[in-house]
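Order of writing sets the labels: A, B, C and D. Residues in every chain begin at 1.
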Amino acid sequence: MEVEAFKRLYPLPFYERYLDSSVRPDGRPLGRARPTSVSLGAVSTADGSALVKIGNTTMLAGVKLEVMVPSQETPDQGSITVDFQMPPICSPLVRPGRPVEAASVISEQLSNVLTSSELVNLSELCIAPGKAAWMAYLDVYCLDADGSLLDTALLASVAALAHLQLPAVSVSEEGRVYPVSSSTSGDVSMEGAETSIKVKGNSISPRRRLKLGAAPFALTCMVHKKHLLADPCAEEETLLQCSITITMNQMGRLVSFYKPGGAVPATTAIVKECISLARRRAREVQQILKEALEDHIESPSLMQTD
Amino acid sequence: MSRAASTYAVPSYNATPDLSVKGVPPSLLSPEGSRLDGRLPHECRPAYMKTGAVNAAAGSAYAEFGQTKVIVSVYGPRESKKAQAFSDIGRLNCDVKFASFSTSVRGKASQGMEEKEYTGMLHKALECAVALHTFPKTTVDVFALILQSGGGDLAVVISCASMALADAGIVMYDLVPAVSLSCTGSEVLLDASMEEERWGDGGMIVAAMTSRNEITQLTMTGEWPSTKVSEALQLCLDACLKLAELMRSCLKEQVVAGGQ
Amino acid sequence: MAGEALSRPDGRAGNQIRPLVCTRSLLSRADGSAQWSQENTTVLAAVYGPKSVTGKKENPEYASLEVIWKPKSGLSGKFEKEAELIVKRSLESIILAALYPNLGISIILQVINDDGSLLACAMNAACAALVDAGIPLSGLIAAVSCGVTVNNEVVLDLLKSEEQKNVAHVCLVFPSQPVSVVLELPSNVDEKPEKQGFITCVMRGAMDVDQYLTCVDQGRAASAEIAKFLRKSLGQSQVWALLSFLL
Amino acid sequence: MVALSAAEVRFIQGGIAHDLRSDGRGRYHFRPFSIQSGVIPQANGSGRCKLGATDVIASVKAELGRPPAGRPNHGSLVISVECSPTAAPEFEGRGGEDLSLELQRALERSLLGGPNGAGAAIDLSSLHLLEGKVCWVLYIDTLVLSSDGNLLDALSIAIKAALSNTGIPKVEVLASTSADEDPELDVDNEESSPLDISQVPITITLTKVGRHYIVDATAEEESQMTAAVSVAVNRKGIVSGLTKRGGIGLDPSILADMISVARHVSQTLIPTVDAEIAASESRAAGS
């Protein structure tokens, strides 16, 4: 039988032949992730942005800031709203006008992981306690969906938050916030001519980056019979069906262990193997992110390292 | 979390100062005759185009014209929606969306309207360029996402979409380059940027199949004395011609690179 | 370690689960139903099917499974969507869907009260309702939640207040198969029951790897208890009737 | 939807080619139209235009609002179009939405002027009351009652009639206490002043059928069109907005020709429209 026809008719046996010789159709060993790249500042209309590629899977994350009045219970905290979008450009399965179920599930996971990891201390987003704080909208767009969506979305989110700069602003006594032009930082309010501003008594907070906690990194693995495959592509995800997503931060702490059902139960041996793969991957991705940040920022790495 | 009162929500804080906050429109041309970004009035923005940006799609293209960044992917020809009536020629289905961070103010209320309008205009601009009879009973989907809006968005979407169609191997009569233009006072500014669009007296968008010398889409806003109309139209067509060359050479390069 | 029992709001020991109650066949219109309570956390599950389905849901090889999660009040959002997916994927691993090609099974989960461990409770309720509906299963599942307190102690079956206060918690679902009917689970055959793996795991908050492994061990022990209770409450005879049908 | 037999199609196309259309008109002749002013008493101004069997209503409501961002000295215009299910069964529910949006954007292009407000139908600075705080917002709502082609031109005539019929209440700005607070206004609904409508353009749609183009196409003729160009022209002959419709491309020279034909037609049409508006105004005042 011809190879193409065999693959078409019996996709699983076709794939298992590869697995038996410990290699995957794209040439990767089972435990290796696809080539990963991070580029920061891809969108200048956003306050922070990052374009991330893991293999063919491509995600663009952007952070937009708005000023809000903090709630009564947490007067010194801002807030972050996370949303994950799968526009119809990313996959043949998505059609316009119909919301994708996978997108809302990943959106929920993403905001859970970001909360669990305590990456952003919300008090960092405070401008003037009780009066004004930043509301950060983190939107992640999937541009090309080819498996391991949560891993890529999380990396894009972390990178966009690391790239985010809180602009220099001055706050009046009533809690009104005015932008301060960046070139003459803290000197003159941009709208100095407007009569409503009382420059006297305004407190100025300078332009700054967020201090981030230990960043989380995710790795999805597929379990099939005795095999464990790291970073599956879309084809592998539909074929093998039993997935485990492990999120670890750079300190080696487990942030999430997500296994939604599947035919193979996760034994202690599998759990341990997955964790060690994820740990290795977290170190690898952290290095990629660090290099991207160093390329981008003049000042040395602002990411907290252990 | 309580959302801010409207007075807080309106200003947005950008790396570049937002012009919408200022009351005074900037002067779009310096006394020496150069524009805000240093271009001459009849000079286009630097353009970068690349096909094959989305692997999952049948064809795709990414375009970057100055500050405007757009990605388009094409799916199909594939089965039409069940609800649609039988058609012995193919269908072209378009959809244009803005990313939430693409504009200076996030999630403007008017954005949904704009997306719908762009969707309709993109469809009309491409419809007559695609050989619909080559894929009877099926649908070709053209989906665009504006990643960063920096002026002339629709024109970039149209150009990028025709590249993506070509990349998908959809039979077309010609590529459809599109160019926008803004007029201010006595000058016309080709390939207008965001600020020029916002403060200009009027604007024009032209999409054309240059080798057939056919205009597929044209809109004008603002006041246009008749002499200026023909001048602007000619300028746009010339720019379309140059853009078409760029698009062709870009497509050829990709094919050569892919063949190796 | 002193005062481990005192550290919990309701005075339970760390490895103690709340009393369980399972009532079946409460709904007359549904093909099967069950209400599962872990003290103040209660979920009502209803099963419809196998029934005919149309369109995209129809699969020529398997019965399609649909899970609908109804929150206690309000509309369902992203949380409910995620929960639906987790329950669906977990149940797919025990339902013998190949017996009913082109058909569909729906499970509706109505949250009646949430006092912690909601997902685990819903999972158990769904399993009991499936048995009540007479859907052929390859085995049962038992779900339990497990958490790590601020003092780094591992506690089982969390209350809502504990979920909010603890640094992390995790919901684990374990399979529970009678040894005699393990049909084709090759990876499991050579495993001793005490080394059994879990089907589903969902985690909130961060914990160390060692703590996680302790959670899994504790959860496994508790799930055996839950499975025992479930089996007893379903009535040995009915389970055997089902299993003999399979054989 | 218009369904025509092959013979009818040939009859229409042949007629257009011979400059004698099925209803006896030449290629550049409008159908007779009638205008009725002040049809909606609650509105600040209203007008109805019947063009052949096409029937549309426009109303203008003036409300106080905030000036547009970046233009503190301007008022604003807001346009909406609704296609009533009485005009065609397919407008029932959301069916008319696409057409409504297309018509609305075409009208916005011709009436709202450029991005900075230059060339708008109504001098926007005349709508301004207090810099950066308060201005008039004119809500122009239109409704398509019956559709027999050339909706856009009929809508533009109805809007012009409605604007000419509009009275803007007199407003006195009372001294405001502080710059931050909203000022107090005294609106006198008894006294009102008319708008200056000399700049309001009329849209002329040229529909291309075969090799020729015609003005004021009926629904039957529109069903045979390959492309159409709608040009908004004001009294001075200045083009203030243009929209290409229909999916077939046009040669630039033909396009330029179409624009000049539109301007030519406008020179006879605009005075006729103005005279009709004046006549209907006096009728309304008389009754």
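As a convention for this text, a residue touches a chain if its C-beta (ideal position, glycine included) is under 8 Å from a C-beta of that chain, and two chains touch if they have at least 3 such contacts.
Here the structure is a predicted model, which is why all the values come from computation and not from measurement.
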Q. Between chain B and chain C, which partner chains are common?
A. A
Q. Which chain's mean C-alpha position is the greatest distance from chain A's?
A. D
Q) How far is the middle of chain A from the middle of chain C, if each middle is the mean of its Cα atoms, in Å? A) 30
Q. So, what's the distance in Å between the C-alpha centres of chain B and chain A?
A. 29
(Q) Could you work out how far the Cα centre of chain C sits from that of chain D, in whole Å? (A) 64
Q | Residue numbers of chain B (touch at least two other chains) | A | 21-22
Q: Could you pull out which chain A residues touch chain C in their complex?
A: 101, 104-105, 107-109, 112, 115-118, 225-226, 244, 249, 252-268, 270-272, 275
Q) Where on chain B is chain D touching in the complex? A) 10, 19-23, 25, 113, 116-117, 120, 123-124, 127-129, 182-183, 197-203, 208-209, 212-226, 229-230, 233-234, 237
**Q.** Contact set on chain D toward chain B in their complex
**A.** 69-70, 72, 98, 101-102, 105, 109, 112-116, 118-119, 132, 229, 237-252, 255-256, 259-260, 263
Q: Name, in rising order, each residue of chain C that touches chain A in their complex.
A: 77-79, 81-82, 85-86, 88-93, 168, 170, 173-175, 185-188, 191, 195-209, 212-213, 216
Q. Hey, which residues of chain A end up touching chain B in the complex?
A. 42-47, 49, 56, 58, 60, 62-69, 71, 79, 83, 85, 87-92, 95-96, 132, 135, 137, 139, 141, 143-146, 165, 167, 169, 176-179, 181-182, 190-191, 234
